[in-house]
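First comes the structure, then the notes that go with it.
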């Protein structure tokens, strides 16, 4: 009997507690979850400070920390492509076969439903307090971002001085020469 | 004796009556018209809802409907390239040899005139009422878009449920996870 | 009622009588045919001497010459992409919706059948005498290539001095500097 | 204290017992292993029959089967880039920070040693009998390929009819039209 | 003994007196200067009117005019890449080995310092009056742009009618068809 | 009065005495020479061992050594593009305006003559003894390659241990894992 697989894609800049709650809940609904790390090619900007590799570490260690059965999840970095009409095939190329997509994004929902996939709304959580934007803002302003993320995220950011990187990037640039 | 060929490029999102009027008038001035479908790689967005293939059907059927002699036009989808300095060569690679370009766009006019082409202003029509923007707005808001387009456009949009696609895409996205 | 559409893809370097026979026979089986001009980005080599635009002219004029109803065919140039797993979506993006693919190529057959398309063998014709390779060889060696192609191909090749182009390209290159 | 991480890259077409032996031995030398799935963009050819996603499943399940501690490995699909001089940075972008590269390939060894990495020869195993080429040849010829691979590889290939795919791809193509 | 080389990158749209002052001062600090012409692929827009080739002429002739020793500088056009994490390697691929980067841009500073380069602030000059933006604005509005640039820039812009190009590009485009 | 400019393109792997002789002779025929460093993106292979930046140093220093007037030459690295029909525009984008192309390559000659350029055969020299292939072979086999190249090439290759690089790359690779 084939397994029921669902996919959930996020930029994870950085991995925070909201991601972990969503993954937990999706695992109650499917046999295996594919976790796509979106915009894998982006890094070193205020909105996307961390490389794909750094985000893979955060997520991998956070799931191991949490004791999630490693045969039940796949972590896949995904680069953007500039062709909406090829996006579903691109995701399929990079992932195990799946039948359900969890997304709240209208474009993603439209593209996958045109290809015959079942689209489900991702489980709810406290989105106002727990967002990548909130974590990054606290990092820049010296607030308590650590309470919003798993230990694995804290460890990786310390290992690479990620805190300093995002602060440096936030300094206003001098005008063009 | 070689034929005089003119080229006219538009995004055709979707094909509407203004495009058909322009094509009619250009055919009074040249032997053959090349109709470029621009930004062929874009689809599934509010500004570019339809794929290149869908736009080719609209245009091809609208010209057949109208009884335009098929030996007098060429329909060519064209992807964007991000190098202005290569744009003229890119268009030439994809098309029959031509000598006149019809365009109201300053960049296109400048690029082609630097390469020695004759640039002509496209024939006038009622641009305020007949624009891609107007057609797409009416589709989203449930207005009468059908009166602005040829039957071929209506038929194709019905065949692919294009109406529903653009409405879905217009729903406000939930905030980033 | 939706139309039955079939697709047939060839490099058409150049368009020859074999292509025209195949198109005729496919039109007996489907309502509309999509004719893909493959490897659209290639030109100016011994194996691919003609640009996409030049091949579009040959095919368009050959079909008009033959009196094929213009509402029954679509001519679409297609660039190669280096991702087999995205090829079917790429073709779908560029074309009207279709359900049948005509191909004798194992890779194409495999890719489309994995996506649920009906794959048919293209109609037979005299493939030994009528191939792009044979036409190009005769052009280089000064043989009678004209008997293998429709008039439209002869006209276009004369218009662009295509004969001279392929002969020049066949001169052995001097060694690298 | 930072962990010692080593990286090992292979195309894994498909994952076989030799890969598993190498991974076991590397894990005796480092804290964490990064396993790169190379040429991730290739699939559906005789030399590269499986998509990146299919290879991820094989490897992920084979490691779970074997009981390897999930906090000690990372599986990262890697697309080729056509710039040797950017390869090391590309690998670094996609992976956790690492200091040792395991490779028997001269180009890879040269590129990484120019950037100051420690390069180690991958642990030895019976390379004559255990290679991707041998597995694929047996699949095409109907031999016993199953004895060369972990159960996870067998399961995935059965799930996607991979056996039939590679046999179909091996049929000689008819000549170009 | 190896030479100390420093690199300075600018878009040079167009080359102006500020660039020349910076280059003079950097040459007091290093043995050889690498001058990168950034965004080499851009041209024919209001913000980037000139091609890479045109900018190379301006800079090359301005340095010869000034009598700078030709064995002490390198002029290298550099196309943008959309991967911040690969940018340093891309610059290294295109240039002689160097150890110091002169930049006032936070992203550039961060990327190069993560790779162990010494980052220095470019020498100061009168940035308010001497900027590419100021030169381009004066060209469009018919002001005295010539006083802000070296003779070589004036000569090249005259040779290619660059004045007319930027004026044409500044005409407001008619609305989309 | 506009200057007569000629262009000469070579891969320069590495710069050798034949290149210098050609440049000398072309400078007797034109006011300014544009020297294109071809396949700029390639490096670290047996046929293309050196990066674009390394080749720029060799050429720049060799010309300074020789006392060639720096206002009379331009050195431009050029990446390959996979579209023959765009090649002429790509070269034009990267270079000062020119009217003559020096090339012995049939494809280059055909492409530029179709665009109306004057094509000249590069001046002759002893091509059997003086080729990039010969220099690279001697480097691998430990022969006297130094006598075939200018001092600038020797200096740069010593600075980067280029000798060792090409020897390492020539070691036969072990079979695929």
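Every chain is named by a letter (A, B, C, D, E and F) in the order it is written, and numbering of its residues begins at 1.
As a working rule, contacts are C-beta pairs under 8 Å (C-beta built on N, C-alpha and C of every residue); 3 or more make two chains touch, one makes a residue touch a chain.
Listed by chain with UniProt protein names: A, B, C, D, E, F = Nicotinamide-nucleotide adenylyltransferase.
None of these values were measured; they are calculated from a predicted model.
Interface equivalence for A-E, evaluated over B-F, E-F or C-F, points to C-F, where over half of the contact pairs coincide by residue number. Spacing of subunit B relative to subunit C, judged by their CA centroids, is 25 angstrom. Look at where the CA atoms of subunit A average out and do the same for subunit C: the two points lie 44 Å apart. Note: centroid distance subunit A to subunit B, computed from Cα atoms, is 38 Å.
The multi-chain contact residues of subunit C, meaning those touching 2 or more other chains, are 41, 43, 51, 83, 85, 92-93.
The set of touching chain pairs reads A-B, A-C, A-D, A-E, B-C, B-E, B-F, C-D, C-F, D-E, D-F, E-F, using the touch definition from the header.
Contacts from subunit D toward subunit E in the complex involve residues 83, 85-86, 88-90, 92-93. Residues of subunit D that touch subunit A in their complex: 2, 40-41, 43, 51-54, 56-57, 60-61, 63-65, 69-71, 74-77, 79, 92-97, 159-160. Note for the complex: subunit F touches subunit C at residues 10-11, 18-19, 22, 82-85, 104-107, 109-111, 114, 122, 127, 131-133. Interface residues of subunit B facing subunit A in the complex, by the touch rule stated above, are 41-45, 51, 165, 168-177.
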